[in-house]
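Have a look at this one before I ask anything.
In order of appearance the chains are A, B, C and D, and numbering begins at 1 in each one.
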Amino acid sequence: MASNSFGNIFRITTWGESHGPAVGVVIDGCPSNISINEDEINRELARRAPGVSGLVSPRKEPDKVEILSGVFEGKTTGAPISLLIRNIDSKPSAYEPMKDLFRPGHAGFSYLKKYGIFDYQGGGRASARETACRVAAGAIASKVLSQFDIQIGAYLAALGSHTCLFEGSVEQLRKAQTKSAIFCPDISVEAQMTETITKLISDGDSIGGQVVCLVDNVPIGLGDPIYEKLEARLAFAMLSLPASKAFEIGEGVRACAMRGSEHNDLYEATEGVTKPSSNHAGGVLAGISTGEQLNFKVTLKPASSIRKTQKTTTLKGAPVEFSLPEGSRHDPCVAIRAVPVVEAMTALVLVDALMNSRQLIPSCGSVARTH
Amino acid sequence: MASNSFGNIFRITTWGESHGPAVGVVIDGCPSNISINEDEINRELARRAPGVSGLVSPRKEPDKVEILSGVFEGKTTGAPISLLIRNIDSKPSAYEPMKDLFRPGHAGFSYLKKYGIFDYQGGGRASARETACRVAAGAIASKVLSQFDIQIGAYLAALGSHTCLFEGSVEQLRKAQTKSAIFCPDISVEAQMTETITKLISDGDSIGGQVVCLVDNVPIGLGDPIYEKLEARLAFAMLSLPASKAFEIGEGVRACAMRGSEHNDLYEATEGVTKPSSNHAGGVLAGISTGEQLNFKVTLKPASSIRKTQKTTTLKGAPVEFSLPEGSRHDPCVAIRAVPVVEAMTALVLVDALMNSRQLIPSCGSVARTH
Amino acid sequence: MASNSFGNIFRITTWGESHGPAVGVVIDGCPSNISINEDEINRELARRAPGVSGLVSPRKEPDKVEILSGVFEGKTTGAPISLLIRNIDSKPSAYEPMKDLFRPGHAGFSYLKKYGIFDYQGGGRASARETACRVAAGAIASKVLSQFDIQIGAYLAALGSHTCLFEGSVEQLRKAQTKSAIFCPDISVEAQMTETITKLISDGDSIGGQVVCLVDNVPIGLGDPIYEKLEARLAFAMLSLPASKAFEIGEGVRACAMRGSEHNDLYEATEGVTKPSSNHAGGVLAGISTGEQLNFKVTLKPASSIRKTQKTTTLKGAPVEFSLPEGSRHDPCVAIRAVPVVEAMTALVLVDALMNSRQLIPSCGSVARTH
Amino acid sequence: MASNSFGNIFRITTWGESHGPAVGVVIDGCPSNISINEDEINRELARRAPGVSGLVSPRKEPDKVEILSGVFEGKTTGAPISLLIRNIDSKPSAYEPMKDLFRPGHAGFSYLKKYGIFDYQGGGRASARETACRVAAGAIASKVLSQFDIQIGAYLAALGSHTCLFEGSVEQLRKAQTKSAIFCPDISVEAQMTETITKLISDGDSIGGQVVCLVDNVPIGLGDPIYEKLEARLAFAMLSLPASKAFEIGEGVRACAMRGSEHNDLYEATEGVTKPSSNHAGGVLAGISTGEQLNFKVTLKPASSIRKTQKTTTLKGAPVEFSLPEGSRHDPCVAIRAVPVVEAMTALVLVDALMNSRQLIPSCGSVARTH
């Protein structure tokens, strides 16, 4: 099945393997007359890039995007936008030793059973390298959203047992994150996280984490009943991320232990305008945005690639022990690099919901139409 | 946007309001030559029906399905199957007192803002009544899945702070649930849950809950990279349920605190056939089923409809106090009735994935094709 | 595959067999706050109904629609609209004699090969009875289009060798058709057509025909490059009609013999506003509406059901002669009854294109949003 | 709307402007384990390329495809296949003189109205250059179809008033075309066509044409009722071609003047196997393939780009005369180069239908699955 596309009205299609010549994304359905340049996209790619902090994978990927179509004299034309990012620092040969075995936690097993063939080099299509394309597309989606002043911000809310809760606006979140190399808005928690990461690197092990995403200025009315609920679209987007194992909106799993009288957001009015007086729901009601801050959490499993020795089998079923070579480059906690990817997917969900809801929400009627 | 459909190859479209003449579902893409009759569907509807145990809403809905099309001489023809369920026990007048105010936690606020009109009778389209259609369609999906011996079973895993963990096959689960009025496989936990429910009823309050779903005999290879991952489709399906606030697969949120060396499912081989030796992943790897038991959890918020007095405003923004009349019929814990709905949505996700994957999985090639 | 739906944003799903209890359609994605009542839909159904003129099939189908959902206090709510039309005058027993043979020109052969089962009663799902649902849905689509003053009118442009060309506005067309029982705007041609029909009835034979459709007040900008061109969507819609064999837009097949210097529509400006000075293109350019009158033609084959004796085989391959019983009710020319169906499908294509193009066409921004 | 994709299961997405750095296509949903190399694709591109015969546009486009993803060790992996074709011979400056006026018959008018911006260089996205991507994707689709021995062949059936009718197999057609520079299987007709082309070139004018496409060995059962009929999908595909104005299947417009007793294909049986004894229908019945030769025709308008002087207006509405410079490179008859594009689109429709129908057609169950 065609399954490398995301979105309906504003739809992206990604392609490319980790160790092929390039990865890329085609964005179809972007409104016309949006100003776009490569630098804006590169800035977002840099946030996701490994090697920035010493705390994530040291691979050098100076991701530079090339805009191949859809932009004329600096503005989108309504035609599909093709973005290409070359794979400069790939080392296919590094994967030769693993070609004949199943790497625990990796896609090789299920892909090989499904397709009867597997590009084992760096995980091929299943590599998180693909998320660079999501970030590039998200940068363009964010440009559209910025016309409505919609602000998206995510942060590292947990790394192993270290947790951190931020309450405030996205603008405040960004300020709090400024000094953090790992998207953590709390300096003291970051110190603990960093310590754990350092230990993990020396252990050759990895750990899970959580990302919380907040969105401000969401128009009321995004999302559609009954199946295309906004929270369902977000859950779909977040579980499509590599390593993602859980999605929670609002109180999430905590809602289990709450009573209706606690969880219900009561309404109050100011000058005749009604709005919820609390936000346990996380900004949605019955699948549709309420205008309150969108608030959801994603749990990511510990990275499967570790240096520790693990038992597995060859493709033919012979038992074998396997460990990554000492100098191997991998992330101790993929949740860190997931932060900008969560933001990008959120932007993609919202821009699609926004364009889908255009006819019903008068304030959404004028995007990119100044002529 | 057209958003009342679910699925691609095997696609359902539901319609109907809680207090209109009927609700219904059209199933398009069902394979031909599947034996179907109304009794089979009614049996599944009965599992979801309120009033069965005294512990859920006492409304009487003797849901009886009518098959209006797509079945000829007892077998599906490949044409769309139209199912209709009449709304017999509806009382639109009961909702008159609420027509001019926003009910906390209900769809009225967001629907009215989005559409400029709202059918307030019993929540109209936003009512959980719609899930009867999902269950009816799920019954047909399950008939297709049963040709592959795929077995789906869900249970009430938490009600407030009472929790219950079942490990075993779906067949064993069903046996353990036989005596339970609330789909709980553990008799002693059920007793505690029942006590809490009784108290909630007298308090006029509600509580959250969790449903765990297990699937046995899943073929290896269901689900598609990169976006249409099996876990992403399941998350989408589960977050489309009314009151759903979280989705977890495998270890779910617990994966946050785990190390890669703990979470990775190592491989072992028996007679040359490799399979994972544990199942932290919950039956999927990189979006594709591994053949292990599928295992995921859904958290449902406490029902918004409670008898306790709550503050809210009228549609015009005047403050008002609101409480349901004493004899009102509502669920103290919607997670109970959600159990068969979770099963139904799982069946719909799997039958679609199965038909999508047909060309790649030889063992899926012969469904309903005996001629 | 799910293939009983048409449209993306405004999407219909039809169901039902010719001789089952009912046929129906679910309309998903209709804007809210559109006034709708059953009489308006019934009026359109009456135009398509057989038996009106004595020149088409004498079956009595007093088609009356029931609105089962999606309308509250006379207005659409944004929820799916379920329409049901009962099959009152069905006679399944009439088809017993044909159950074991392949009727020439009918769906039985290809359906049976594809599905391994066939509901032979009146053609089952393949019956033109399904087009009643298209007309009912088209009536609602037209209500939306009427907010933009978009006018659709089709006419019988050919019946066998009798042809008729109408040039003028849709309003003028409707006036010219008033007196015609067969949607022909030219009285003298209609007389010839009627004579031919009378002869065909006595011969027990049928004949082909052509329907031309005109649309006035089409906003500039409907349709999307590269694949979802407006003319491609129209062609898809028209070839989905039973018996349809050709689609032409603008000059159609005549364009083959024309030179570029003849076919090109030159531009001229009035008070600085440029528009084409002719309309060989038929109202589209590169897939997008130009604002000129939309103009296309559909060719329908002669009805397959004839009283004349024809050679065929049984399902098991034995040669057999077959003829419909004397009193059988069938159309001598299906193109007549196709006229309102062509209009309905055009309305469905346009309302979908309109809603798809909302974000780009400022004048389309305010449908059904008066609050 | 996202409208640059074609197909559902086997889906292509094209991108790129005529005078940008490149054009390209992403193919999503291709079965795995199909052997593919760049040479095979380049051969198909060469058939479409201008400059081959002196009778079509003399532009030099040595189209060479680069496979950027989805192929591993010479075989498809199931991952998206990204193909890129650089635009070597583009001359954006040649279009400077036309940037401020509306070219008759070109996309500029409708695109500018729709999007508020237009890449005028060579028609930008609206250029027929995009069809190179269709041909490249079609080459891969054909590789899949060849596993089922499905053969597609199109020919130039009319150029202005010169017509040519071929009856026979696709294999015979290809032989008959071998010596033709314009895909015409009849040597004597080709001579007349060539003479007309030569005259048109000196006149600076263009002419319309028709392409007929035949397909052999189509499995019975492709296509889906009611809307996704095989002929509807083909019509959609063919009307999505630049310059396309009509689609006919089987007898096409001739069916209008036929009687049912002439048009019906009667059945006969050989050794108990029933099949139609004639093929007026063109290989489909009620939307589903019958196993007979698929046979349809496309009419293409004369190219809009001519050297003759034409009246038009500037973008601001001032009248102006316009003619292409003497040395301009354009096609006197676009129907010639459309031949391989029609074949490519047919391959794309059929491979999608084949994969959609997989579960119902046992003989389609084993594509690319030899492991």
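We adopt the following convention: a contact is a pair of C-beta atoms (placed from the backbone, for glycine too) under 8 Å apart; a residue touches a chain by one contact, two chains touch by 3 or more.
In this text the structure is predicted, and so the values were computed from the model without any measurement.
The pair from A-B, A-D or C-D that reproduces the interface of B-C, where over half of the contact pairs by residue number are the same, turns out to be A-D.
Among the other chains, D has the CA centre that is most remote from the centre of chain B. The distance from the centre of chain A to the centre of chain D, with each centre set as the mean of the Cα atoms, comes to 39 Å.
If each chain is reduced to the centroid of its CA atoms, chain A and chain B end up 27 Å from each other. The mean-CA centres of chain B and chain D are about 45 angstrom from one another, to the nearest whole unit.
Of all residues in chain C, those touching 2 or more other chains are 1, 3-5, 8-9, 14, 32, 78-79, 111, 114-116, 125, 225, 356, 360, 369, listed in ascending order.
Note for the complex: chain C touches chain D at residues 1, 3-6, 8, 14, 102, 104-107, 109-111, 113-116, 125-126, 130, 158, 160-161, 200, 205-210, 220-221, 224-229, 231-240, 242, 244-253, 255-269, 271-274, 276, 281-282, 284-291, 299-306, 308, 310-313, 315-319, 356-357, 360-361. Considering their complex, residues 1-5, 7-11, 13-17, 20-24, 26, 28-29, 32-33, 66, 68-70, 72, 75-82, 111, 114-119, 124-125, 369-371 of chain A touch chain D.
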